Every structure is written in C-alpha cells, then in structure tokens.
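Listed below are the structures to be examined.
Below are two complexes that have chain A in common, paired first with chain B and then with chain C.
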Partner chain A sequence: MIALEFPEINSILVWKDIFPNFPFNKVALIAVLATLISATIFLLAVRQSHKEAPKGIRNFAEMIVEFVEDGIVMQTMGKDGLAWTPFLLTMFMFIYLCNVPGIIPFFQMPATARMAVPMFLALMVWVIYNVTGIKHQGVGGYLKSTLFPPGVPKALYILVTPIEFISAIIVRPFSLAVRLFANMMAGHILLVTFALLSEALFQAKDKVLIPVGILPFLMLVFLTSFEVLVAFLQAYIFAMLTAVYIGGATHPEH
Partner chain B sequence: MPTAIVTQSNGRLVHVRLVSEDTTDTTMPEEAMLETTVLEDGVTGGEATPAQLKSAAGEAQVTVKAAPNPIAPTPKEALWSAGSFLVLFVILRYFLFPKLKKGMDARYADIRSDIEGADTVKADAQSAVADYEKALAAIRVEASGRIDAARQTVDTERNAQLAQVNARIAAARAEADQQTAAARAAAQGQVAAAVAQVATKAAQLASGRAPDAAVVQAAVTAAMESAGSR
Partner chain C sequence: MEAIARLVAAEATPAELKNNAAAASAGYAYGLAAIGPGIGIGYLVGKSVEAMARQPEAAGMVRTTMFLGIAFTEALALIGFVVFILLKFA
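Presenting the complex of A and B:
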C-alpha cells in the first residue's frame, strides 16, 4: 500500500511574496504578465503595416479582435455594442492569460483560482452594467425594466420582483465570480492530485505499483489538455455574460 | 528568544514554526527544523491548544495564527489584478485598439473599394462584350444581306448569260436544222430526179415509150413521201 501525502490546501493556493517586504506574489505576477503579454501582442501588431494582408502577430491580434466582435459583441449586443469591444477584448485577454498559467510549467497556477481576481472582475462588471442601465434608462426605468419584466401578470410581480432583484443585483456578480473561480480552482486541484498520485505510484517501494502510475499520469495528461479548453471557455463565458448583462441593461427590450 | 508560530485551521493544528525575533516573514508554508521536536513533546495527532504548545516549547513565546482561508480574496491580489486589468484596459482602449481597428477598417475599405472597382470593370467588360456581340450580330446581318444580294446578282447574271447561251445554241441549232433541211431537200431533189430518171428509163425500156415526166415525177414524189413517213 502507498500512503499519499496530499499537501495542505493553502500550500497549493496561497503563495508567498516573491520579494521580502513587498506584497507581490505569484498571482500578482501572473496578472502583471497577462497585461504585459496582451499589450505586447497588440503593440507588435500595430507596428506592422495594415496595408498588406495580415500575417504573424498582426493576424493573431486581428483574429482575437474579430472573435470578440463577431463571437461576443455582435451575438449579444448587436452593432450598438461595438463600442464595448475594447473592454470585452481586455476582459477576454486578461482572463485567458490569467487562466493559462495553470498548465504552464513553473507557474502551474491560474491566477483566477484565487478569489481576488474573479471577484474584482465580477464587481467591476456589476458596477458597469448597473451604471450603464441607469445611464440609458434612468434610475426608475432601469429598476422597472429589471424588477418588473414585461409580459408577466401583475399578481405575479409579488413573486417575480424579489426573484429578479436577487437574480440581477445579488446573484449575477456572485455567480460570475464563483463560476470562474470554482472552475479554475477545481482544475488546479485536480492537476495537483493526479500529479501527486502519479509521482507517488512511480516512486512506490512496491515495484508492482510502478506500472499502475501510468493511469493517473494519462489522466494528468488528459486533464492538462482539458484545462487548455477550460481556460479558453471560462474567459469566453465571462466575457459573453458581461456582454449579455451590459446589452440587457442598455436595451432591455431585447 | 524564539517565537513559535502556530497555524491553526478550524481548531486543528496545521503548522508550527519557531522563528527568531528579528524574522518578519510569517507567511506559510515553510518547513521548520524544530517542528518535529515541538510536536513530539506531547502534542499528538495534529491537535493542540496554545497552552499545550507553550508547555511543549518551554520558554518560547507562542503566537497562534489562524490559517488563511484558501477561498477568501486577499487585498494585495485584488489590487494587483485590478491595477493590471485597468492598465491593460487603458492601453488597449486609448492607444492600441484604435490603431489596430483603424488599420483593419482601412484595409477592409480598400478591399471593398477594390471589389467595387472590380465589379465596375466587370460590368464595363460585360457591356463591351454585349456591344461587341451586338455589332457582330449587325455585321452578320449585313454580311448575310450582302451575300444574298451578291447571290441574287450572280443568279441574275448567270440566268442572263445562260439565256444568252441558250439563245445562241437555239439559233445555231435552228441554223443547223435549216442547213440540214436544205441539204436534205437538195438530196431528196437529187434522189427524186435520179429515181425519176431511172424510172423513166425503166418504163421506156419496158414499154418502148417514154412516160410522162410529170407523172413519173409525181409517182416518185409520192413513193418517197410514203417511204419517208414509215
């Protein structure tokens, strides 16, 4: 029998500061790198001539912009929402680049597996869609369109209005943050679990157990590939829901 | 004097670490060489109270510190992520995205313009082809008319020449017929004269007198006409 010594949960989620007396840990480093990488991609892209057919980094940057425009903005907000493209592009790039380090050697930690990152993003989205709604419809109009959805029998407003209030004002930011955080943390813990299990089996004193280690190792490889998809999908979902909420606040009739 | 930093979570001992007083780093996790000693001095199963630890650590000062909640947001991470996001947003929104988008729009406008130009050229080419085909059809009609006219002219001339040739042939034939008839008539006259002479001679020999020349001539003529009609 082997005894798998699983590390204390904080040792795989809570990171020490990189520099003494300076509050800057691995999660902060990933967030800063996400900004630097995104800015570098677009900086290199704009330095190439736009007159020729795009290639290399410019092609990549334009592909991301078109993905956000066509796949997120146009699908949820229509042409009126194109002004939100830079914000949604920033959000998609930032979340994706905070997710991906979960499978990059030496980092092996998605920044979004720490509640601070999704919480900040969700709160920001909450503020933005509420402010946008009030700006477009006025306080009364926004509250009316949010809390009193049209087409519902008046008697049902007794039930619907509190539900809509809880849903739009409280649950939305909470679900937005928790969805991203929980998915990324669960993926991170799964990767750690199978990595530790593989290591334990490969280094088992009982030689019979060593070949068995291939099973968790294969699972580790599969989960790593799966996390590539999850990193993209979670960034897409977060940006998509942000666009839906802002679009709903801007055009409640839709 | 060393300080024992005890980390607990939900009343359970998570980590014990002895540090000297000047050490300020209290973050976890980090292996401590004295951890085992402390735990073996009466603390079992990872469950310990501060009093137990204090007695286990002897004269050491005991500080009990709760383990950080793994899902609780930490201010420094929130601030760094917020700062990074906002910096990226400002860079993209005000500098890089407009430049990239402007370039994309300019290129798409060029492509649209090229496509429209190509459409115009295509329409012009189609119009030219239509004009060409129209002109070709007119030329074909004209050529056909000219060919018909020429054919008519040729037919007329041919018919005229044919008529002339036929007339000439007919005239020659008539002349030849006349000559033939004249020759025949001359020959018939000569034959009739010879036959009449022979008949007169024969009759004279047979009867001893010369028959009437007119009768002989009439008989010979009748005989020759009779032979000619058979």
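Presenting the complex of A and C:
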C-alpha cells in the first residue's frame, strides 16, 4: 500500500554549514548556545545581593545548584566532594542544554547525538578522575587501589587485575560516551521515524489510510514528552557517574 | 520448474547478498542485545521499588543507586544499538 524508505542516516544527523565557507553548523550552534545560556543564567543570578531573599532568576539558579549538591554530590561523594559542585553543575547544564534541542522546534537535533560532543566530555572526565586519583594517592597508591582492590585472595589477582584495568581505564570513558550518544541518537531516530510515518499516512493517496495516520502521530507526541525525561535523565546520569568516578579516585575505600 | 529457473535467473549479486546479510544480522544484534539488559533493568527496578516500599525514608538513596545501576545495565543494550547502526548504515 505504502512503501516508505527511511532516509540516509547522514541526512538526519549531518547538517550543512550555516554560512558558506565557514565550518559552523547547527550542532556547533547548539553547543555554543548551551554554553552562553547556562553562563548567562548564573552570571545574572550572582549579580543579585545574597543578603536579601532570592527572587526571580536567582531562585531558579539556586534551585539547580541545590539539586546538584543534594542529588548528585552528597549522594555519591559526601561532604568532601562539595568542592566539585561547580564542575558538575557546568557539566550537567551543558549536557542538558545540548540534549533538549532534540525536541525544540526548528532545532530538532540534540547536539550530543554527534559522537564528538560526548566523546570529548568523556575524555575530559577520564583525564580529571585519573589526575585527581594520582594527586590524592600518588601514582603507586592510585594504581594499587584501582588495580589491586583490597579484600581479594592473592591468587585471584591474576584474574582481577586485568579486569579492573580494562574496566577502569578503557570501558569507563567508552561507556560514558556511548551511553549519552546512543541514547540521544536513538531518541532522534525514533522521532524521525514516527514523524515520517505520520506524514506519509496523512498524505496517502488511498483515503482510507488518512485516519490511520493519527496512530503514529499520537506515538510521536508521547515520544516527544518521553524525550524531555530522557534529556534530563542522561544529563543527571552523566554528572552522577562523573561524581562517582571522581569520588572513587579520591577515596579508594568507598 | 519455471519458478526455479526464474529464481536462479534473479540470483542476487554478491553486494546485494552482503547488504541483506548485514540488515538481517543488524536486527539480530539489537534483538539479542536487548534481552539481557531488559531482564536486568526489570529485576533492578522491581527490587528497588520493593526496598522503597519497605523503607520509605531510604527512598532517596535507593533511587540514586537505582539510576546508577540502570545506567550500567543499559550500556550493554546501547552498545548493541550502536552495532545495529554500524551494521545497517556504515
């Protein structure tokens, strides 16, 4: 009845440069906007006096900071980790504002659905938690606490050490990047699929098919609201895993 | 006889065969990759709900740990999804 081809994967993920001969496309625009918006929110908030009761944008900014402190730092690193709040807050805001354009009309593209953004963030986290571990425990101490976890029988180290090495050094940044990237790309592809399907059904030559188009359209509405949740959850999980890795590198006993 | 002759005449070229095999195995890759994490996440969330119902005052802590566990479990399914994309489109 209807034969629908899914478009080339590159046509829904790769964007043309906005200006000719200048390498700056939609994904870069979203990343720059995310940085500017989050910086503006907190710079405007900090200009208010901290002696009076907070109002307007400062209220909003304090809500986010409190969420990061209580929901991410205190749950994973405890009181010692509070110094990491600014870093985790930046991370959270940037990833969230990169994810959310996936459902905003005219943008319709999460910047994190291109591997470059999550990969760079994950590599940054990898460098930071390794450097923190070495700074706090020394090279030998850090290697010892990550590669030779205490409380394991000596003979088992032949098995445990390679596994720990692979998981701490290779798998962690890889899974951190792939989790964010694949979640956002899967959401984007799902939205494209159902949008195309309902468009094709609404414009079908066979008049019987037109009312059927309401079904994929309802699914599209549902998925859009689901993506709101996913965008938040992925930013939260990324920031939380960062906190867990940093906390683990600072205090090996945890 | 005629049908077989037609089938033989319409035999796929090696490139087509490769594409077909890639599409089929992409489907298998994602389908198989989704089984384990599906069971795992279901079990994990079920147990967390049980814990939260038993001790509502520990709900915050349980929820954080639950999200961490989901993140680790889900990674396997997502790697399966990436393999699907690579097989199908790359």
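Quick notes on this structure:
Methods note: the second predicted complex is superposed on the first by the 253 of 254 C-alpha atoms of A that agree within 3 Å, B and C clash if a C-alpha of one lies under 4 Å from a C-alpha of the other, contacts with A are read in each partner's own complex, and residues count from 1 in each chain.
Keep this in mind: contacts are C-beta pairs under 8 Å (C-beta built on N, C-alpha and C of every residue); 3 or more make two chains touch, one makes a residue touch a chain.
Keep in mind that what you see is a predicted model, and the values were worked out from it rather than measured.
When both complexes are overlaid on chain A, the residue A:Met185 reaches chain B and chain C alike. Looking at the shared chain after the overlay, A:Leu241 reaches chain C, while chain B stays out of its contact range. In the superposition on chain A, contact of A:Ser11 is made with chain B only, not with chain C.
Contacts of A:Phe24 after superposition on the shared chain: chain B is touched, whereas chain C is not. Counting the residues of chain A touched by each of chain B and chain C gives the higher count for B. In the superposition on chain A, contact of A:Ile57 is made with neither chain B nor chain C. When the shared chain is aligned, chain C comes close enough to touch A:Gly71, but chain B does not.
Once chain A of one complex is fitted onto chain A of the other, the partner contacts of A:Ser175 are limited to chain C, with no touch recorded for chain B. Within chain A, the residues touching chain B in one complex and chain C in the other are 8-9, 181, 185. Contact residues of chain A toward chain C in the complex are 8-9, 71, 75-76, 175, 178-179, 181-183, 185-186, 233, 236-237, 240-241, 244. For chain C in complex with chain A, the touching residues are 60-61, 64, 67-68, 70-72, 74-75, 78-79, 81-82, 85, 88-89. The part of chain A that touches chain B in the complex is made up of residues 7-11, 13-14, 16-17, 20-21, 23-25, 27-28, 31-32, 34-35, 38-39, 42-43, 45-46, 50-51, 54, 58, 61-62, 65, 85-87, 89-91, 93-94, 98, 111, 114-117, 119-121, 124, 181, 185.
On chain B, the positions that touch chain A within their shared complex are 14-15, 24-25, 27-30, 67-68, 70-78, 80-85, 87-89, 91-93, 96-97, 99-104, 106-107, 110.
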